[in-house]
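We call the chains A, B, C and D, going by the order they appear; numbering starts again at 1 in every chain.
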Amino acid sequence: MTAIPLVFALLAAGIWFAAIAERFASARRFPSAIVLAPLWQAARLLSQQRVRTEYPDALNWALAPLVYGALAVAGLSVVPFAPGLVVAPLDTGIVLWGACEALTIVAVFLHGWSANSMLPLIGGYRFVAIGLPAMLLSMFVLIAAALPAQSLAVGAIVESQRSMWNMVRQPLGLPLFLLLGLAISLRGPMDYGDASDLSGGTAAEVSGPHRLAWGIARLAMLTAFAAMGASVFLGGYLGPWLPGPAWLALKTAALLLVLTWLGCNLARMPAPRMMAALWLVLLPLSFLDLVIAGVEALL
Amino acid sequence: MTAADLAFYVLSAIAVVSGWRVFRTDSMVRASFLLMLSFIAVAAIMLMLAAPYIGMATVFMMAVEMMVMALFMVMFMMNPAGLNPMNMVHQNRLSIGAGATAFVGLTVAVLFTDLPHEKVARQAPVIRDLGHELLGPSMLIFESAGVTLLAAMVASVVLSARSGRFGPSDEGSRPPGLEPGGEPAGRIPESEQEDE
Amino acid sequence: MTLTAVLIVAAALIGTGLYGALSQQSFVMLMMGLELILNGVLLAVIAFWSLGVGGPPRGQVLAIVVMAVMAVEMAVGFALVTAVFRRRQVDTTEKLGTLKE
Amino acid sequence: MGALANLILAMAVGAALLLPMLWWPMQLGGASGQSQQVPFLGGGSQSAHAWQRFHIRYYPMTLLFIAFEMEMMFMYPWAVVYVETGIKALAEMGMFLSILGVGIVYAWREGVFRWQ
């Protein structure tokens, strides 16, 4: 219960930090007003005119950002801030994370579907084609991380990294996991849902406060994702001198920087080729990751 | 009534009502996600029934299955969004009767059977037990599930993929000629015999 | 939350699913009915496992097998629907009359 | 049980924080008119309804995915007991995954990963 404010504090800081980092990565300079720029943009969106299409599926349209944001919170709820300091100390933490990923695909599809417009619909369909196989990858690398911990709880996985981080033990895990993070928070080389070639994809028809809600949910998912990656591969709250929550926040911030840099600097592949690459190249790589983790855990 | 009981009643109401609404809504996408809601409510009940792993895994399995279901709904229904009301039912009375009979029959059977009452221990390591069971006594089930899934994968590919290695599958296969560029060897397909 | 109550909920799900499977004309909706039936079965299995027989590991394996059945049913079922639709441009059970007689 | 209640509570708070943005009353520039309800098509005009029968090109992949994803159900409990069981667990899962891998290779040879 005491961890719930911590979760929202981390989310708020992460959203603000990621918004700044993204501006910086795409502008490649540090304008003087960048620290407050996300707030100005939020204010502008809140006062912007709201446009709606003809006969949308209004309920699902409103539900999609809410579900997306709630899933980000749920994913962050199983991440421990310190030993025992966690909202939901579930034995099945990484299974819950997998369920969040699956439901995220549903939320993004619904957002694209319910506008009753062509471009969002294409974005939604394209996202499903990439999101489904990308989800498989992340589940494999999370299972590989669970092998030495002998538990599916995120807390146990963090504790199993006292001697060595999983990033070192399982070198393939983190890059594959980051790929999924880009996919489910809809950015960069894996941005098949909200891509600019579809003039915003699933968000093409939303404006004003609704677009703000969707953007916040996307950044919240990115933050939750970075915190999960930091816990599973970078030792989470473990570290000398500083208290646990501070270490988690620092590692989350580092992953956020890496993610936004990747998101702004990598090119996107055509969706069919990406789908084939996910199944034929990256899925065998995740098998290899599993074998490395398995052999290492037995030694 | 405890909080757990209240949660159970709410969740069962969600499961049954959304399961029923699946067949009453006009929008096909809504229908598939209502079914997903029903599954998630059942999964939550299973989590309360001390099945932490099966409950959580149901959520992700069913989320992706219903996602795919929605895609196929849009592909195969002439009115996927339900903009025009439609009614695609047959033998409605019979079906209502059959459904009600099944419910009443099963309920009576449940009420009049002497059910065993041995609860699972509160702190039982159920996930670990399941793992040992899968790798030990139920190994055969586990590996034959693999073969079954392989069969399902092959079957679905054979049936659904249009582009095979040898060109579009629905055009039928034509064996190569006896000499290069010549008439196909073997029996002439029936559809072409009729034309001649 | 007694075993009887959970089993009655499972029975309601099975009844609803049976109604759907019998009454819907479209193949895809018919499969939703089947899924709902299996949903009820899954709930009943877990209820028995948890409240009836004291949690033997076999019960969970049975639940996983039910879910595998669901997945196989969906994959093969949709593939069949696709194949039939491609050959005959038919998407409801009644128009597919050639299997009669 | 407490963990689940906390989880639900946190999710509800998250959704509640986003909810006001969807019902935000203040806006500049008046209500949107009929001309703005037309879907955005990059300058093109709409010829058919967006919610049509839509032939998605990757549908065989989704069916393959459903069958393949089932293996996750077996892998999570396997991961928990892996170290205790040792090399036998590695061999059994290796066999299981290679059986399913055959399916993926077959699907690739049949062109499932191309958009049809």
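The definition used in the following text is that a residue touches a chain if its C-beta (ideal position, glycine included) is under 8 Å from a C-beta of that chain, and two chains touch if they have at least 3 such contacts.
A quick note: this is a predicted structure, and the numbers were derived from the prediction, not measured.
A simple rule picks the central chain: find each chain's mean C-alpha point, then take the one closest to the mean of all protein C-alpha atoms, which gives D.
In terms of C-beta pairs in contact, B-C outnumbers the other of B-C and C-D. Here the spacing of chain A and chain C, counted between their Cα centres, is 33 Å. Between the CA-based centres of chain B and chain C the separation comes to 6 Å, rounded to the whole angstrom. Chain C and chain D have CA centres that are 22 Å apart. Distance between chain centres (mean CA atoms), chain A to chain D: 13 Å. Counting partners per residue, chain D has 4, 49, 51, 54, 56, 59-60, 62-70, 72-74, 76, 79-82, 84, 104, 114 as the residues that reach two or more other chains. Under the contact definition stated at the top, the residues of chain C that touch 2 or more other chains are 64, 67-68, 71-72, 74-75, 78-79, 82. Annotation for chain B: residues touching 2 or more other chains are 4, 48, 53, 57, 60-61, 64-65, 68, 71-72, 76-78, 81, 83, 127, 130, 132, 134, 145, 149, 152-153, 156-158, 160, 162. Listed by label, the pairs of touching chains are A-B, A-D, B-C, B-D, C-D.
Contact residues on chain C toward chain D in their complex (touch as defined above): 64, 67-68, 71-72, 74-75, 78-79, 82.
Residues 59-60, 63-64, 66-67, 69-70, 73-74 of chain D are the ones that touch chain C when the two sit in their complex. Listing the residues of chain A that touch chain D in their complex gives 1, 4, 7-8, 11, 46-54, 62, 65-67, 69-74, 77, 87-90, 92, 94-96, 98, 115-119, 121, 125, 128-129, 132-133, 136, 139, 143, 146-148, 150-152, 199, 204-205, 208-210, 212-213, 216-217, 220, 271-272, 275-276, 279-280, 283, 287, 291, 294-295, 297-298.
Listed in rising order, the residues of chain D touching chain B in the complex are 1, 4-5, 49, 51-56, 59-60, 62-74, 76-82, 84-85, 88-89, 92, 95-96, 99-100, 102-104, 106-107, 109-112, 114, 116.
If you check the complex, the residues on chain B that touch chain A are 27, 29-30, 33, 36, 52-53, 56-57, 59-60, 63-64, 66-67, 70-71, 81, 83, 127.
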